């Protein structure tokens, strides 16, 4: 029981630490690719500390509540995701619950941002919803293929069946893995898909009116979502991890590749991004579903 | 009857919300202090109204109050990105009015300075363009390379950004020892980085997708709208003041005028890339052919210098297009009227709103930077 | 640089946070902006000190007024400044905002920017070099450390006078006052 | 080509003087009334680009001089067509119909010199904010006096606070 409670508190905290660390690493790696020194790795943490000591402007009750909704949604998702043997909520309906709860992430931001009167927000939110429409289709297909491949909807079971290097990525289902990998930048909001927060176009989109602690919460939510997306990939296709260290190493590898992709591409336009997302990733994911039916 | 139907139809049409969006002056996508008011429906721009004046200092008025030499600090501040072409055009005008011949070596040095300035300006443009598309890596590389040019300028003139190096009668001082080698070293370094730039930036597939067919201008339109510089050259017109009316040492060196046929943003950026190569070629030839001799023809005491009555229009090819200066003297020790014909004025206030109409919000900065609009040049 | 001083972080996290995470508004007010891109990119890399440009004033706490300020820009500057969350720091950049510089007789540029908004630090020169920007930032750190960067407090305290000066230049301002201007309201609130 | 053009212009427009002050520069001095037709003629002759419109305030003669800069492509000739207009109630015909990009130049001259262009629909201020004085580029506008009057009058906030 005590262990359970510790896990409950510990896992969101760990997710935050890992997410923030990844943000710091992200800035450092990008800086090195730019041929400069870069900020210290803990810089995002310093930023968050600063943001919580700043005065923020609220734009109404929904402005606060939407952000909290999004944050709460991501914490709930984290509780369902097993990482390195820790999984606070080993419910059998894991994957489906994750799927539905993940909808809260963009929805909360959309609700919150809608309260601000800035036109950039409404454009940014419409972009975010359209983009999530773009990656939800292949994402759903990928989840469907993994669920039908392993004949279970429990994410813990999926991780357990991949033990001893029987990773899904090396199984007949590798096409789904590739598809997930292809939509991962869009889910993380990295280039070439940072359409939502494009500062040069709509001055950081939904985050335009956030300041002070609201922006701090926004950053925390962002680091949570980075953790969720990558951890889900590691769980579904790279066999999870025996302990936290291995899990973290796998996440780091994926994240590193994502940063490399991020730093060599410019931003796509929204319709181009949709065209891409509905083409190859969707085809691969669909093939994955067929394969999972054929194999089993 | 038909009219009735039409009104009925109108009632059923979904009315989209028309938004007014302020693009700048405080906007990360805005290079320079300039503002565009966009009327937007969904993602489409219905109307774009440029709103300049944030940088208006009234240079042309202030220059009437200062004597011929005192005006040099003003002239170079009209365009921060490439101040040398401004100095050159003003010096040329003064020389023409006062009938001063400059030494041969000064002509070569001026050419080198102008071309280095063009390179710096183009690298800045590449930074701005890449940054606009969220393309940090080549942007930062370009900015780092520009800094090497600024270092060269610092050695030559003492200033990183503003040089006040070109004066009537020649240039302020001769090249320092070993300057030619440093320039050559820099140019070779830049050339060795070109494949990297090509791969990551100019020939990047996504960049191609973003810039292709954006802000398209037809050849006839470009001529009709009095476009100059890359905007005109990207539509396939071989037009360059350096060839038409060679000044300084441009008639003694060989170079091409790069053109493209499509007239879109991608063609413009490719023209800029090719121009950088041509600039490097010109600098190398100048260094090779440069004669010995003095670099400065003495001019009278600036406080007593009176220039005979007259008027002149001089023009140079700056990095953004034709830069002209209409200068009137009434025989006094200050100019009577100065009027700069800057390329950005026409591009930014006249062509830009035309291109933005019907474009998507994602392409506002894209189009603006590809036209190479420099805000202080518009406002002056 | 005491960024790694954990004791200090635990003692006053707010102050240290403001020090080492200066987010600048992306606003090119004048020609001084030409030295800012080199400062934030590879050659000089201001990000290693935590200084980055951000998209909107709501997210920023450092306002660099780069170069001369025309009347039209001043209006935008005041608006931007009032949107920034407290605490906020302003640094005027170049000689022109200090006293007009070479535009002392221009009909359209502001001569003393501190008559309209409070300024915490000045960087002189035309152009100030990137090194000067870094020195300015370190000076600002020292001021934050000593609690001397009080521009935003002064603005709140003297808002009546600042607003009066602004209105002298622009006529009636189109936006409502940030802080109560009336004496009576001041006493109540 | 240049001499031929000169003959042509002088043949059609009797009250027009054509000069060549220096190499590749041609000055056409004409009357206010014939500016439209002469610009149209030059455009047909190949001078298709309006480079700029300058304005000079000749305060002693009580006149404004408008200079239309035209240039063809691929020829070094640059034409300056000049007209003079009265300083009081300065007004002239717009050339929007011939050169569309004259729009912005006319707007600028209207703001900075106060010259009105009949037929130009948009002559709203371009650069200045809250401007009630004379148009600033006129010679009788004293910018130094204006600075003293406007900016130097405004008191410094911190000093005032110390005093009170």
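As written, the chain order gives the labels A, B, C and D, with residue 1 at the start of each chain.
The rule is short, and it goes like this: a residue touches a chain if its C-beta (ideal position, glycine included) is under 8 Å from a C-beta of that chain, and two chains touch if they have at least 3 such contacts.
Note that this is a predicted model, so its numbers are computed, not measured.
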Seminar exercise, completed: At minimum, the number of touching-chain hops separating chain C from chain D is 1
Problem set entry | Central subunit by CA centre of mass proxy | B
For this session: Provide the C-alpha centroid distance between chain A and chain C, rounded to the nearest whole angstrom.
Result: 36
Seminar exercise, completed: Distance in whole angstrom between the CA centres of chain B and chain C is 30
Exercise. With chain centres defined as C-alpha means, what is the inter-centre distance between chain B and chain D in Å?
Worked result: 23
Seminar exercise, completed: Cα centre of chain A to Cα centre of chain B, whole Å, reads 43
Exercise. Which chain A residues touch at least two other chains?
Worked result: 34-36, 199, 203-204
Exercise. Residues of chain B that touch two or more other chains: which are they?
Worked result: 27-28, 53, 56, 58, 61-62, 65, 140-141, 144, 379
Exercise. In chain D, which residues are in touch with two or more of the other chains?
Worked result: 127-129, 136, 141, 143-144
Seminar exercise, completed: The chain pairs that touch are A-B, A-C, B-C, B-D, C-D
Problem set entry | chain B partner contacts - residues on chain D that touch it in the complex | 21-22, 24-25, 48-52, 54-57, 67, 69, 73-76, 78, 80, 99-101, 103-105, 108, 125-129, 136-137, 141, 143-144
Problem set entry | Residues on chain D engaged by chain C in the complex (per definition of touch) | 127-130, 133, 136, 141, 143-144, 146-147, 150-158, 160-161
Seminar exercise, completed: The answer for chain C against chain B in the complex is residues 25-31, 33-35, 37-38, 41-43, 53-57, 68, 70, 72-73, 76, 80, 102-103, 105-109, 126-127, 129
Exercise. Which residues of chain C touch chain A in their complex?
Worked result: 3, 9, 13-14, 16-18, 20-21, 23, 26, 41-43, 45, 47-50, 54-56, 58-59, 61, 84-87
Exercise. In the complex of these two chains, what residues of chain A are touching chain B?
Worked result: 30, 33-36, 119-120, 122-123, 191-192, 194-195, 198-204, 263-270, 272
